[in-house]
Amino acid sequence: MTQSPAITVNQVAVAYDSKPVVSDVSLAFPAKQITALIGASGSGKSTLLRCLNRMNDGVATVSGEITFHGVNINAPQVNVYRVRQQIGMVFQQPTPFPLSIYENVIYGLRLRGVKDRSLLDQRVEESLKQAALWEEVKDLLKASAQALSGGQQQRLCIARTLATRPEIILLDEPTSALDPLSTNQIEATLSQLKKDYTIIIVTHNMQQASRISDWTAYFEQGKLVEFNQTAQLFINPKEERTANYLSGKFG
Amino acid sequence: MKNWSNRLTGPSPESRCEAHGRWITRLALVVIAALVLSIIGFLLCRGSRLFLTGEGTLSAFLLGTNWDPGHQAFGAAPMIVTSLFVTLLAGLLALPLALAVALATTEILPRGAKRFLQPGIELLVGIPSVVYGLVGLTILVPLTRKLLGGTGFGLLTGAGVLFLMVMPTMTSMAIDALEAVPNQLRRASAGLGATRWQTIHRVVLPTARGGILTALIFGMARAFGEALAVQMVIGNAAVMPHGLGSSAATLTSVLTTGMGNTIMNTPENDALWSLALVLLLMSFLFNLATRLVSRKKG
Amino acid sequence: MKKIELQNRLATILILSLAALAALIAGGLVGYLLASGLPHVSWQFLTGSTKSFASGGGIFDQLFNSFYLVVLTLLVAVPLALLAAIYLSEYAKQGPVTTGLRLAIEVLSSLPSIVIGLFGYLIFVLQWRLDFSLLAGAMALTILNLPLLTRACEDALRQVPQLQRQAGLGLGMPKWRVTTKLVLPAALPGIITGAVLSAGRIFGEAAALIYTAGQSTIAVDYANWNPFAPTSFLNPLRPAETLAVHIWKVNTEGLVPDAAAVSSGAAAVLIITILIFNLAARGLGKLLARWLSR
Amino acid sequence: MRNKFFLVLGVALVALLGLGAWQAHGTTKVTKVTNVGSTALQPLVEAAVPGFLKHHPSIHVTVQGGGSGTGLSQVAAGAVDLGSADVFAEQKAGIDASKLTDHIVAVSGIVPVVNPKLGVTNLTSKQLRQIFTGEVTNWKQVGGPDEAITVINRASGSGTRLAFEQLVLKGQSPIKAQEQDSNGTVKQIVANTPGAISYIALPYLDKTVAALKLNGVAATKANITTNRWPLWSYEHVYTRKQASPAARAFVAYLQSPAVQRHLVEAAHYVSVDSMTVRRDANNQLTRVKGGE
């Protein structure tokens, strides 16, 4: 690793009520790379992802340190909204708001009080281009976002996240509700985006992890088992449990 | 480093907006809580006067069967029994029909049916209780007279009018409860080869049970508190009922009839407030019981 | 297999016939009221004012008062119930306090309206010196409608998918913004249904108003738009008799010879008014949803 | 832009309201007089308000119901200016009658009524008493058809019931029967129930029910003024001993010829002036001179 990590997780444990879901995870996510979090359902990978922009606030108790630019984001004086503006999130299912495509993209900016029309126009075009949606929707910016197909909606959600210019984008199984064609398009988009953004993606699809990610972390029962460059981890896993999971053996 | 820690900490328009929102919703809740608690406190205070002044005893009030406040007889048992019975009867009559309408609109009939139903239900809710009472007097009382003999005034007629009054509210809430059942569940059940009835019976109804119980509670609560309409058809005589056709009086009807004719802070008036307190306590117990039942099974 | 299908068919028939029975009862009721009331409704009846002892009185004042009281009450009750519902569904943690509060609110719904009316009389009318007034009536009716309204709002809010909230939060929006901008517009149809049902109860309520808004109307000036003027029709501090109270009064202590006609005519007018009001409220709700989500 | 629009709208609204408040404040001061009490008397008192307003434009009178008990309680507590009642304050326990001033504004006849299909037109005082005490339960026992008697009593504590019990039952207690509070409801129930009997105030009598003669005497105004028809009671308006001038003015107007000659007649009450007897709170009759 030549660059300093984008965000660092140090001895993090998460519990719902008093039931632990993630325990003692330490991990440094490399900047401007795609990191995939894999593991069986309930392994705690989604929970960890949601901790990275404090989406677990009020839902679970998080201990340990999550450091972003030297700041522990769970510190009491930290403003959660500013963290989330720097670390965006895209969810399993497309979540377009019941508005036009244009309004969806600039939603975050509008709320921040940006009024400059030309800046907004420019952001819409940029973000949609980055999300590889511009060509398909440039003539229907005023149309309702809910008329788009599932794949288009998900790319719109990515564009919406991009429009606020975050540093890190968290994706929680972004293609699990999509068909293979749309999945391909999203993957291509993500590969393009890593030039400018740090991307952390939770996926159940191991091919997807191996196709697009630079780094992969394997989780089992709330613990980080192995973290390595994707090629290494998939071809030559150091841990037996990783190897078992990758080859479809459990227990 | 310094730069970043500045960028991520301290208040922002967002955090101010959030604090503002929390504050305003909490304020609303405090206002409501204050209102509710002051009413409850008010009733506790007024309702216990009869016993505190020594004019009546609690046991004589709850178990006595002679209600004649003008002559220091404060036995509220006949009204308690009547209120409970009439409410239960109305609820039990209304529930199947309300549920049937709700099932028909959400599970069987095409979606358009709801459009006609909803305004209809809302209309029925808005008809003043006096009008329900008049309808009861001109239609239900003669009907009961033919059916059971006697005067036609009595428990059954009272329950009938209440049934008419609570059915719309219950239907509307039952529809909401059924609509809250996710469609995936229905599809999953149908996908397993279940018939519509099996899906309703094994998936939809169990899932919506909490909501249906709430509909029942709200419907019966309204029946419990209704006065003007019942008073016109139940015979309004404070005696222990001995059959479906016998005249009786509910807590609310006695309360409403007597309130305007008694002087405040006299035992007669205090006894009426005690009736109101009983009403409050009974519906409290009733709510609590329903909650426990739905929690145990759900 | 055969048995299951037979069972299915029987159950369907049973449900449909029970539903048809309910519809028949309800339809018969409304039809009966309209049929017995509409013949007495005339332009003069709608626009005239009440007479004390002679026949031929109208109901214009009462009709307007009903409308105004519904508006005033909803103005007080809906924000209060909605904010409380937002707190209960979005902010509050499940615990004994919220459960207790919910229970208390629900228990409130079974209090007879005359008790609420007397409470309103002793507190609002006397203690707070509001006199017999629309405002005192609106506050009593607010109490009466809080349980149903809070419940309806809370249910409506809860039915908005969690994902929509998360999407907003993920963009760095504060929860309050997410609630007002995303959740509220989506929940609006449910909230409107609750409000419309409450409006129905307000239109039909009499017992709670007898001691609060009063059962007589002062002569008001429909040309005076200043809500502070004592005789203005918009003054919320004037006593006002609503249509339902009028129906009650005519039936109980009416001295007019045509009491039965006035009562049934007023009931028919009330039914039609509620219908119009509800349709208008729904239309308005659609506009509001569009406006809120912008 | 939208925000600006609403800001302007809001400012304009506040300005208008402020102007309105200022303007309303500047107008002549209005004195409020509130009357609470007997629902039966309410229509009469309410009808007097427009005429009173012509003479005293600055006094606004509000007339509300609530029942005689409420009226007496509230006027005694000082919550309202006037309390109307159909009983003497002395007859109600819990009211300090010495603090109140009684103003009798009308006399109301009480008339027993039966279902019109019954065909009974006359009863003796004894028969009426026996019906209401439950000694007689079938109409054929008093010369009517073979039909069970349905007794509908008035709400206990109401003025009409008190008067009826004192004048008809003479101290015996009535059977437990259906109780109704208002004249209108009683009338509707009697009209709809075969074999029903009850009693209402004379102004409320109409064709839906049949009035009974008592010992052959009909309930007419002329018979009431001479006490040949003994079932009648006063309609009172009470004020506190130190009533406000506005309240006193209104009571005076209620007792003035303008109301007594026209409104009282129109409402089918009997004017106080035309009575040749007077009755006190203890039911003692005294003959007065004059009358008509």
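Order of writing sets the chain letters: A, B, C and D. Residues in each chain are counted from 1.
The criterion applied here is as follows: contacts are C-beta pairs under 8 Å (C-beta built on N, C-alpha and C of every residue); 3 or more make two chains touch, one makes a residue touch a chain.
Computed from a prediction, not measured in an experiment: that's the story for all the values here.
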Shortest contact path, chain A to chain C, counted in steps:
1
Hey, which chain ends up farthest from chain B, C-alpha centres compared?
A
Round to the nearest whole Å and give the separation of the Cα centres of chain C and chain D.
32
Chain centre separation (chain B, chain D; CA means) in Å:
34
From the C-alpha centre of chain B to that of chain C, how far is it in Å?
16
For the pair chain A and chain B, the C-alpha centroid-to-centroid distance in angstrom is 49
Counting only residues that touch at least two other chains, what does the list for chain C look like?
172-174, 177, 251-252, 294
Give the residues of chain D touching no fewer than two other chains, as numbers and ranges.
39, 65-66, 70, 181, 185, 188
Residues of chain B touching at least two other chains:
14-15, 18, 134, 256, 259
Pairs of chains satisfying the touch condition:
A-B, A-C, B-C, B-D, C-D
Using the touch rule from the top, collect the residues of chain A that touch chain B in their complex.
68-71, 73, 75, 77-83, 86, 112-113
Can you list the chain B residues touching chain D in their complex?
68-71, 134, 137-138, 141-142, 151-153, 231-232, 235-239, 247, 249, 256-266, 268-269
Could you please specify the touching residues of chain C with respect to chain B in the complex?
4-5, 7-8, 11-12, 14-16, 18-19, 21-23, 25-27, 29-30, 32-33, 79-84, 86-88, 90-91, 101, 103-116, 118-119, 122-123, 143, 146-148, 150-152, 155, 159, 172-177, 179-180, 190, 193, 196-197, 199-201, 203-207, 243-244, 247-248, 251-252, 263, 267, 270-271, 274-275, 278-279
Give every residue of chain D touching chain C within the complex, in rising order.
2, 17, 20-21, 23-25, 27, 30, 32, 34, 39-40, 42-44, 46-47, 49-50, 53, 60, 62-66, 70, 79, 181-185, 188, 203-204, 206, 266-268
In the complex, chain B touches chain C at residues 14-15, 17-18, 20-22, 24-29, 31-33, 35-40, 42-43, 96-98, 100-101, 103-105, 108, 118-131, 134-135, 139, 164, 167-169, 171-172, 176, 180, 195-198, 200-201, 214, 217-218, 220-222, 224-228, 251-252, 255-256, 259, 276, 279-280, 283-284, 286-288, 291
